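In this document, chain identifiers A, B, C and D correspond to the written order of the chains, with residue numbering beginning at 1 in each.
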Amino acid sequence: MAAYLLRRLVQAVLILFGVSLITFALLYVLPADPVRQIAGRAASAQTVENIRHQLGLDQPFVVQYGRYLLGLVQGDLGRSYLQRTDVSTLIAARLPASLLLMVGAIVCELALGLTMGLVAALKRGTALDQALMVGSFVGVSAPQFVVGLLLLYVFAVRLSWFPIGGYGSFSHLVLPSVTLGILGAGWYSRMMRSAMVDVLRQDFIRTARAKGLKRATVLFRHALPNAILPVIAMIGIDIGLFMSGIVVVESVFGWPGIGQLAWQAIQRVDIPIIMGVTLVSACAIVLGNLLADLVTPFIDPRIKLQ
Amino acid sequence: EDKAAAASAQAGEYTPDPDAKEGGAIVVTYKDDVSTLDPAIGYDWQNWSMIKSLFDAMMDYVPGTTELRPALAESYDISDDGTVFTFHLRKGVKFHNGREMTADDVKYSLDRVTNPKTQSPGAGFFGSIKGYDDVASGKADHLAGVEVVDPSTVKITLSRPDATFLHVMALNFASVVPHEAVEKWGADFGHHPVGTGAFKLADWTIGQQLVFQKNADYWRDGVPYLDKITFEIGQEPIVALLRLQKGEVDIPGDGIPPAKFREVMSDPEQKARVVEGGQLQTGYITMNVTMPPFDKKEVRQAVNMAINKDRIVQMINNRAIPANQPLPPSMPGYDKSFEGYQYDPDKAKEMLADAGFADGFETELYVMNTDPNPRIAQAIQQDLAGIGIKADIKALAQANVIAAGGAKDEAPMIWSGGMAWIADFPDPSNFYGPILGCAGATPGGWNWSWYCNEDLDKEAAKADSIVDPAKKDERDKMWSDVYGKVMADAPWVPVFNEQRFTMKSKRMGGADDLYVDPVHIPINYDYVYVTDVQ
Amino acid sequence: MSGQLVVETAPANEAGAPRRRRGVFSRLLGRPLALIGLAVILLTVCGAVFAPYLTPFDPNDQMFDGLSLEGAPMPPGGKFLLGTDLLGRDLLTRILYGARTSLVIGIVANGVALFIGSLVGITAGFFRGWIGTVLMRFTDLMMAFPALLLAICLAAVLSPSLWIVALVIALVNWVQTARVVYTETSSLARREFVEAERSIGASTPRILFRHILPHLLPTIIVWGTLGISTTVLLEATLSYLGVGVQPPTASWGNIIFENQTYFQAAPWLVFFPGAAILALALAFNLVGDAMRDILDPTQRGRL
Amino acid sequence: MTRAPRRALPARSDAVLAVDGLTVVVAGEDGPRPVVSNLSFQLMRGETLCIAGESGSGKSMTALAIMGLLPKPGAKIAGGSIRLGGSELTDLSEGGMRAVRGSRVAMIFQEPMTSLNPVLTIGRQLTEAIMAHEPVGRGEAKRRAVAALDAVRIPEAASRMGQHPHELSGGMRQRVMIAMALALRPDVLIADEPTTALDVTVQGEVLELLRDLQRDLGTAVILITHDMGVVAEMAARVVVMRHGRMVESGAAATIFSNPREAYTRELLAAVPRIGEGAGRVATRLRELPAAGAARPVPVVEVADLAVRFDLHGGLLGRVDRRVHAVEGVSFSVGDRETLSLVGESGCGKSTTAKAIAGLVPYEGDILVGGRNIAGLPRSEAKALRRDVQMIFQDPYASLDPRMSVGDLVAEPMLIHGVASGAERRERVAGLFERVGLSPADTGKYPHEFSGGQRQRICIARALALRPKLIIADESVSALDVSVQARVLELLRELQAEFGIAFLFISHDMAVVENISDRVAVMYLGQIVETGTRDQIFTDPKHPYTQRLIAAVPVPDPSRKRHAFPRLDQDIPSPVRRVGDEPARLKLRDLGGGHLVAA
């Protein structure tokens, strides 16, 4: 177990290194000049060069990247060009909100997706199954901005059940989580359905029924843990897709997470922030996958970590 | 020495609102984060007016107008040749940290903002101060032209006469900061601002909100009225408007989102709370005069005649007025009689044919990618197609468009919307130097049409050396001429001047002018008040 | 592939013959739901191909009467069947022309992603050893990228055009498929029939393509159909950020994104292109489901 | 609870379960198709009723109908009644059925390996059954679960409660299933082929256990099986089914000694019996010419074969343990000879076969037609391997379910470029006919065939290349007797016709006795005894061989064995630390080719 963890962590570090290298290289060749933005429109060419030199942006790629890495291993993500603050401060201030939202969204999409998938599997072939299938596609196809605004309009403005955007309490979390969750639910319900259909065909389900167990017990205690494995693997994959959703949803709901930070940084080519956000999300993804892998043996004891 | 100058500035003093009530708190929302509140650095839509409320400079403007008035300087003298400005500081002005502001602080602040290490985007504004070049190139630490005469007198010597210098001294970049606080916080001063302004920063939760608290010791009597302003960050404009409608927000900082504009304006109750005002802004298309076929004046003129500005204005829900010259109407020097190029596609086609492009040509139109700019670009594209010019749209992130504009042979045409020139100060010169003058036509510069007319540069310099306020009209006239000549060469197509529509909650009080203050955007926090306090 | 099959086994008797001779396609036609799906796909493709003949308008023509005097778009009905957009262009026309872009993205880009993903997944899952390790580590690396950020950077670097966007989307989207296919292939590779194939001397490509691939089809179909909406919307996000298809080229995604803030003032601008995406994705799903059942002989004759 | 009286009156011969006119239909391609028709029987208290019949005769469907667990929506009860005690089961709602299941009727399913939930502990699966029916607390339920495990003689029952099914051997899993069924002391226990998938030795133990439990608890048992040996050993009464109908029923002794129906007689005749198999004569006959000829080159010669699987572990994932699956096995198979490899599950039989087929890396020498495969270039090795074909242990798993059987059979020819187009098709058709299938079936898929038919498809596939040696890995163990007999007959015919040598792998001693020329007994990766069939069966020397032979149930109720000797310990594991090599056994020659480990 310890050995496994160690190996996975080494792997994770290598992956993060790769991510940083590729992102840095991509941003390096990006046709936009951050110095111009810092210097402002009244700056002379000399001032611009001055700033470029101060930031070390006049140096060759290898040197720039080397310096970045050096900072990175010391926990220094650099300073934002435009916000004039340490990137780590900015991310640290926003990360908790994003993580919270992510957890909320995962809970939502699991609750929604798994229920839909479960019901569809149980009612396989019926009209309800078909309707749920259409529903899952609606979830996958609906633009999140519109879904978010719609939810906001109905549940916050009209019904006043939830606050209109913002951050702080549980009720703030509900709508953004649901908005993000609707998309994921589409995916999960499809996966859950097929996994469940498979499991319900298994002999041990028949055994459980032969014991005279309650339907709910058969479903939740016997079938679900077996069907949920592919779903858990999916959660690991899913975290990577979150970033896209988070950007939109955070802005609709005024959620102070890293999605908004990333969005603004991309608009203004604030390279240190883009790097930082990419690395932090990469971390989250790698950790998410690791966690998913670590959890599976608890759910399915046949699986051994190696 | 000319005391008249000082006297005339005093004349336009503001008369306080008799109905104003003290106390209360308001909520303002913004979509984008506030990056820094360091006056030497902040240059964004959001932090510009926040900094104005936290800091003061030698000069500022009469609320709701573009009229200069002394601020931290109680009075000032200008030498006859217009190169020496002596500011007499107001006594007893205290920083938020309790220390009294002195002439040393003024010098310190000016040295700081021009020092390249500060990386101030506004350093260039101080280029006329003697010794600026040495500081900018790192040869000197101090501006030779700034002298502390005594604790309450600062003398600033310019290397050339500069009629805009008082405006420069009203810029945020000229704000006075206490050196001990700057040294204490170092690079983080922007997050722990200490100034002399009407408000002080009470709390800043990054990415969420900033809270401003009334500065009880404010040197100007009677203001501010509000006890507290909360800026909520990261709010989508549509959502901000929904919250405003529910009474949770007082001012949507990003204005009325285009998508909601018609809804708001068609509801009398909401419309009543909308304040409309001019803006020192022009939206224009640049044509790169170094890239064929735009090196031909006739082609550029033809393009000027091809654009249906009325329709573009209609498309953005009439939130602007069509423009025919670089200067916006509320700017001194705006030439009311100027007719510009009338919309006449047939004539444009003819001219194009005369220039040898009977079949038109292909080109590219760069545009920033946020609504409504791509839409406007598409409207322009259609108009160009009308005279046979096939323009491909390149909708890019702001930074990429700016980079393309700053490269000599990359962007033939750019629609300036979203990055457009909003005046830093209300003076006609502000629309020339970096965006139409030779100085800006350098790689990485902001003169995206790469238009460089040495003669005009000279005329402009001449106009700027007229510092005598009495000759203001003459100077404005000279500037009108400069812009007239620019338009004769037609490096730009001025398309429209945006109107500002600010919306406020029912309980907000104060004159409408305060809500469309030309320098305090979106509103002048120091003078507005709420009506529902006891 | 199927041609060979038929030659090999077409038996001389009647009992087995009809089963084989009925092709996949004709069996698809026997299913009403699949038929609906096929019809929708066909309709979309025809709409895209014959757009100029189907509509009197030009997709980029900003018509004067397409906007009200206050600059508001026209609601559906009358001259403009589905209304107009914020520039006074006919929405139906734009959706028809937009199908060209969206089909390229949703089918070509998504298809390429699916192809790369399957190839990588199969190869890595089947060949343990260093090929598998290298491929899976590379997949892990790609997976660690936040997809959107990577797409934005890539697209920005490569300068936008439809095919570049398609390429970028393919480059970003193959990863999840690879992961899933990998898992499945590695378990399939351990099934006994693979060993049996080896024992009769079957070559590796033969085992991969004739024996393993058919088993992966259901998974590939599920990911492929779900991928349609995802990629179409990703294209829209990229366009919205200025690194996608450039205006005024229409795509279903960018029609939505351009207009999404107006969904209350002009809901048709979001609803119709959204419905088009949904319909296409659903149609492929219906056909995919049917294909899966048809291609899976164990599903036959079951209730 | 009326448990006490129930047990007190085992002698009363009133029916505890009465099935009357039961008809079960399943959905077919052209409307409903009956799989059980008009079936009636009664089960008395405390008796064992065996339902016998060939595969697909509707045995399992009957059991599932009683349990109310018919697969939905494919099957349903179309008529008849099932009365348990006083209540009519067919009228009960799902909720009502739930109360009956487990507590009054319990069932042990056909597939022991897959019938336990892999992700839940044994203890959990036992206690929840108890708690579902009786108002007891968790502690009490646990106590009873441990007691039930003890009752089925699971060693260290208490500590096993926390284990998961995959940590138990197949026999233990089946015992857990039985414990689960018996924990609630049901009136009726239905055991659906509880031993088919198990080793002979384990099978013997499980049957023994069932008998004990029935004696102790007085439960009435319905035992479903196609193994007449098991029937003879267990049954008081027998119901013989075919095509969903009852063919014959009566007391076990009567059925075996005096079967009325032709089908019953057929069924009994098909049962392989040690020492009197039908195939015995045939093999004998063929042995004679071989003995007279000069000693030919063996088809396959295996010398000192060893196969080890590395297990990774430790900090850096280094190899720290090895499975010594095959450890120094030597034998040869001559022309037209059948060598049987027997031994318990996990002793390395399949691994040996796979090594010969070139599917696992090995050490030692394998000579095909006198040439050592190891040294040859790829292409030549491939050509040589054409001479060795394998029929896998599980016919269903070894056929690609998505390929038609015609394609599957044609595939080896296609790969090796043997025959083309029309000729190949003809040969496929010929092979189908040869193995007793209709050439019309070539377009069907594996799942559309019964187990026996699938096995024949595998044989046809193996024959396609006209190999010199066919390795048959447990090729008949999963088949019911009648099919098994037919397949064995087919193998014998093919051997006579094409002159093929067989390496026959099995744990069923009766079958081995019927088909082999020589036998090698494997234990823990090594051969412990080898010799001609007669030497092994009439004069087994190694205790392990003796035990294997003793474990075979005899299909004769009059020769019922009692108290099958149980192993006092589990079989030792072939997994060893690196460096800790197992000791090689030395074989002692007893003369006449009969070797036995010291």
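Definition applied: a contact is a pair of C-beta atoms (placed from the backbone, for glycine too) under 8 Å apart; a residue touches a chain by one contact, two chains touch by 3 or more.
Just so it is clear, the structure is predicted and the values come from calculations on it, not from any experiment.
Colleague: Grab the C-alpha centre of each chain and report whichever is closest to the global C-alpha centre.
Modeller: Located nearest the centre of all protein C-alpha atoms is chain A.
Colleague: For chain B and chain D, let me know how many angstrom lie between their CA-based centres, rounded off.
Modeller: 88
Colleague: What whole-number Å value describes the gap between the mean CA coordinates of chain B and chain C?
Modeller: One centre to the other, that is 48 Å.
Colleague: What's the distance between the Cα centroids of chain A and chain B, rounded to whole Å?
Modeller: Roughly 39 Å, centre to centre.
Colleague: Taking each residue of chain B in turn, which ones touch at least two of the other chains?
Modeller: Within chain B, the residues that touch at least two other chains are 238, 397, 400.
Colleague: Going by the touch rule set out above, which residues of chain D reach two or more other chains?
Modeller: Not one residue in chain D touches at least two other chains.
Colleague: Which chain C residues touch at least two other chains?
Modeller: 156, 241, 261, 264
Colleague: Report the complete set of touching chain pairs.
Modeller: Going through each pair of chains, those in contact are A-B, A-C, A-D, B-C, C-D.
Colleague: Which residues, counting only chain D, touch chain A once they are in their complex?
Modeller: Checking each residue of chain D against chain A gives 67, 69, 94, 98-103, 106-107, 109, 111, 114-120, 128-129, 132-133, 164, 166-167, 177, 180, 312-317.
Colleague: Can you list the residues on chain D that touch chain C in the complex?
Modeller: 27-29, 73-74, 354, 357-359, 382, 385-386, 389-390, 392-394, 397-404, 406-407, 410-412, 414-416, 421, 424-425, 428-429, 438-445, 447-448, 461, 465
Colleague: Could you pull out which chain A residues touch chain D in their complex?
Modeller: 2-3, 6-7, 202-204, 206-215, 217, 221-222, 225-226, 299-302, 306
Colleague: Which bits of chain A are touching chain C when the two form their complex?
Modeller: Per the stated touch rule, the residues are 11, 14-16, 18-19, 22-23, 26-27, 29-32, 133-134, 137-138, 140-143, 145-146, 149-150, 153, 186-187, 190-191, 194, 233, 237, 240-244, 247-248, 262, 266-267, 274, 277-278, 281-282, 285-286, 289.
Colleague: Where on chain C does chain A make contact in their complex?
Modeller: Checking each residue of chain C against chain A gives 137, 140-141, 143-150, 152-154, 156-157, 159, 175-176, 179-180, 183, 218, 222, 226, 229-230, 232-234, 236-237, 241, 256-257, 260-261, 263-264, 270, 274, 277-278, 281-282, 285.
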